[in-house]
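Chains: A, B, C and D, in written order; residue numbering restarts at 1 for each.
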């Protein structure tokens, strides 16, 4: 960190980064553990959650103070926060954290509306803090190698792209309590970011979507959506598809493909290990059943990147502007479902004055 | 064949099937060779082409009579014909062949308009001849195994499907002379059939398409299209994507995926053999550069199936009605490009009275 | 064929090759069908077997004369024979066929002793007929690509090689009736040839073997062997291993690997198709259960090669001398089992005067 | 740890484990970094090396005291040591560490002679300290899954096993300064352990080896060996091969295979990520070039296991007795090279009174 704030009564080591997590749910726990145990030079100083019990349980387990978001923001000994609360409160927490001068790692989505995205970006810009969004795939080794090959020109100009997310089944959630547009704003948002990132320099132009409740058809009447196919046209001519489903019987499935004028890269595999079994029934391999297994290295790398960004004053993203671009595709996809027609990004995305483009260079 | 017509002056063996190819181009040559050399009990009796030189060259090479389509139809010694002429004349040849009592194997597409499709189907039905369409993927071992797994319920109810065609590059055609909607009517028609076939019992309902001239942008103004992404909604809720490109640097690429409530099947690979080379630059494998390499077994199997169908009076398809269904998706995709909006199949496909459904059971 | 013998009363077409199979068992039936149906320009003229019923059944099925080996040799209308009888009579049949002026395709092994191998080679040489041995792996696309990569220097100088054969289980034979050294002389003989062929220009020098009756331990006391691991040292320094087992639960498994100073090639796969199923139990693929499925293309290509060799007078092997080299490894492996010590090839292989080296160039 | 020794003047946290590394070379640095940064609850308290500069450089980098082995042993504040010095001094360090009451993680090989192995085992037993040996493959996810499948009976009774190690090339060492039997005692020792571990309950019985200087033939006269193929017979009938080479052009290659009466498991891959590139030259993937990349997870897991073993008093191995078993195969292989004959393990391995069997249950 360029100018680490040192609290007068702090016993911290001069070179140690103090981070706090806000939200002690499944992903919050995952991130808290990684910070506490696997990020050299970083210390999990505090764990906040609206439920004091949840905070205390996790804090005790990891040797961190159990506290509230408000106290984290007021604590001068905290350098940065990881926002792992439910999606609907992300933006308010980003804004509050930035206002308190904390660097921010925000789980995706950074916002569930474009005005909220603008608020978050503006707050971070005004405060001069780092805002990194949790698009973990960028840090998965295979995805990173794919992007690297694209940047080095190995596939030429991208022409057809694909990204998908299939959450491991069976779906155990309550479809009636899942926010209506979750599949676009929280699931496919990963794919929308990945597609933009794998098509460097291009911006999404037009979006068409199909969606339905195929996993939980009983919730269809209530507007629940658990299966979707989205197609996207980019301003460099490239065309992309993204699909998602809430219940993949075989586990967690995250893949991408980029086809261009000179070749193609593919990445992603559900294989859990390189072990293969051959028996009387054929050839078999085991699958990864959880995102925290399949993307373990990616989670670690994104948090390491956040720590390094604070330390060295060198943010690498994914940035707030990039998250806003991904969100714009989600918003257009939602409007496409509502209207049954393709939707132009320019119709949903007003110009973002003075905050830079979300196009990924 | 149930009642083979025996010409009075024929010297044919009683149990030998006499076939003729109409069209001596690249695929016509491929099919003629397979009939002449690899289909037991079948004989390539004649080769027809508007160019007598082309017919004579191929006929001489394979020991078959060089002739014209008209003479083939008049020749009582011919049991069936393989139509491998340019797409625009397929329907007229199907109708003429059927009228002459010949069984018909027609390369895809069977027709380039729905009225033509109806003409072809009706002609075959009226004449009582077999009409089999050249959707070769159904006969590729991996595709057949995928369909078999679906039929046996291994993936549950299909929810998300994918099919793609990437023709081997560099594109050597003249984009200005390629018929405008070729990518939908001649290329993606394979994928449209594959998607219906991998979603048994369902019918396509709505189609949305993006397309552009990304390989040959200089021909864009003339309406040329060489890259497309199509999304399709089926009446069982399943959603599908199909994509195509005329110039895959790495060779011929044909793949499919079907995801359902109980699992997923994937099929298709560009690998030429199971040989893998590891060297200082990494891990390498060779690709198939031509459809006639990648799908060699499929071409042989579809022609064997046609021969068996004639012999045993047991047609197995792909039928004319199924080809019409695939064509209806192509027609809807073209209209989607023209209008910029999704298109209902019911808006392009009038009821086909008395000719049966194209849904693949 | 350079000088095809034309029988005065023959009705054969001038350019048609007449072949006969001797032995109507499982592989004989496979080869007979391929000649009858899949080799352009070749005709299955006759089928011989000590059992007239077996010959008649196969002959009737394929439209070939049912006869005896003696009549085949006497028939001037036969250009070449395929010897698919039991291994122990191979040499006598090769010698008789050569004496009768017939070109010979002999299933492996060409002989079960080195003096027999010499007899076979000498007979073919004296008669000036082609002698091709049925080492089918050389014609499998992946193996051929591996050899091609080696010949082009892609792996540098071979240093470590591997080849294996696992016959599909369960083992249904009667271990008490299986000839004692079958695993070396009939099974691993394929691997011994493959290893020499993948190490061009080198000759085997020393052989060590382990073997046991692990599949049928009840036959161990009788000397039955169904599992073996052989290591081989070549005169260019390369070291190889070969292993075999009579009962692979997962099907027919044939693979090879060649590691050298510049890289490595691997080939062979039990996958039946490119279809992969993902379900709640993981990732699955089907296996090939029979040699005639896994190596179908290889069987066809070796017979096509034999037909072309006769036609064009251009034999390409595998030659008798190469088969003798493979057999020398089998003989050394057997002696290694008998003595418990490594065995030098020079101790089992006397010089073959005037008949050329078996080293594969 | 059951009864952690607390130094009177220590500032350590009660629950923190203090570890020291002895040897600051390549692997020592790797292990020191993992302890310092990635093992929760463990602290890298000291780094020792005969070269004070090396110790100071690494210590400064990781915030650990730079010291000597002797001081580490005398320091009551150290709970356990990681021995990462050159192989020839491993045993003496194990003995000294055990005498000082330190738990020991010893990089392979634990010893270079069987008497040394006995000394190490006895010293740890007498002192009641944990002795874990660095056979990292056991902790690689694919290898662990393979072993798990074997233990669960998925392959039935093992009959044919394979393990290999190909170090990444080009070979940059000085072959004249590499200890003569390094390929057996330091490289293949991994494979010998893996083969025993993948054949649970069985003991090695007979060993045959071939070896040569194929990478550095100029050092052959001096006895250098860089390529080897070893075959091993186990007392349950299973047969195994192991091979090694010091210069794989394509990177670090570690694989294993276990074939049994009910199936086969394979594990190991040189792929660096799941990214695949298709271009005009074919299909490509990148390889892992270093053991510390390919086996990163395994290195972390074995050190975590050591830390957990100290903490919970529950050692899981690999034990000293298991390391002695692997060494016995290396010793037999060396004698096989010296004599040119197979060697019985019973001839090299005297009974180890009172110290338990090395068979892996």
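We take it that contacts are C-beta pairs under 8 Å (C-beta built on N, C-alpha and C of every residue); 3 or more make two chains touch, one makes a residue touch a chain.
Since we're looking at a predicted model, the values are computed, not measured.
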{"item": "Most distant chain from chain D by Cα centroid", "value": "B"}
{"item": "Shared interface numbering between chain C and chain A [over half = same, under half = different]", "value": "same"}
{"item": "Superposition of chain C upon chain D: rotation angle, C-alpha, nearest 5 degrees", "value": "180"}
{"item": "Computed distance of Cα centres, chain B from chain A, in Å", "value": "42"}
{"item": "Length of the line joining the C-alpha centres of chain A and chain C, rounded to whole Å", "value": "57"}
{"item": "Distance from the mean Cα position of chain D to that of chain A, given in whole angstrom", "value": "39"}
{"item": "Chain B residues counted as touching two or more neighbouring chains", "value": "248-250, 253, 262-264, 271, 278-280, 286"}
{"item": "Interfacial residue positions of chain B with respect to chain D in the complex", "value": "248-251, 253, 270-271, 278-287"}
{"item": "Chain C to chain D touching residues, read off their complex", "value": "156-157, 159-160, 162, 166, 206, 208, 210, 212, 214-215, 217, 227-229, 231, 233, 237-241, 243, 245, 247-250, 253, 259, 261-264, 340-342"}
{"item": "Of all residues in chain A, those that touch chain D in their complex", "value": "36-38, 40, 141-146, 149, 154-155, 262-269, 271-280, 286"}
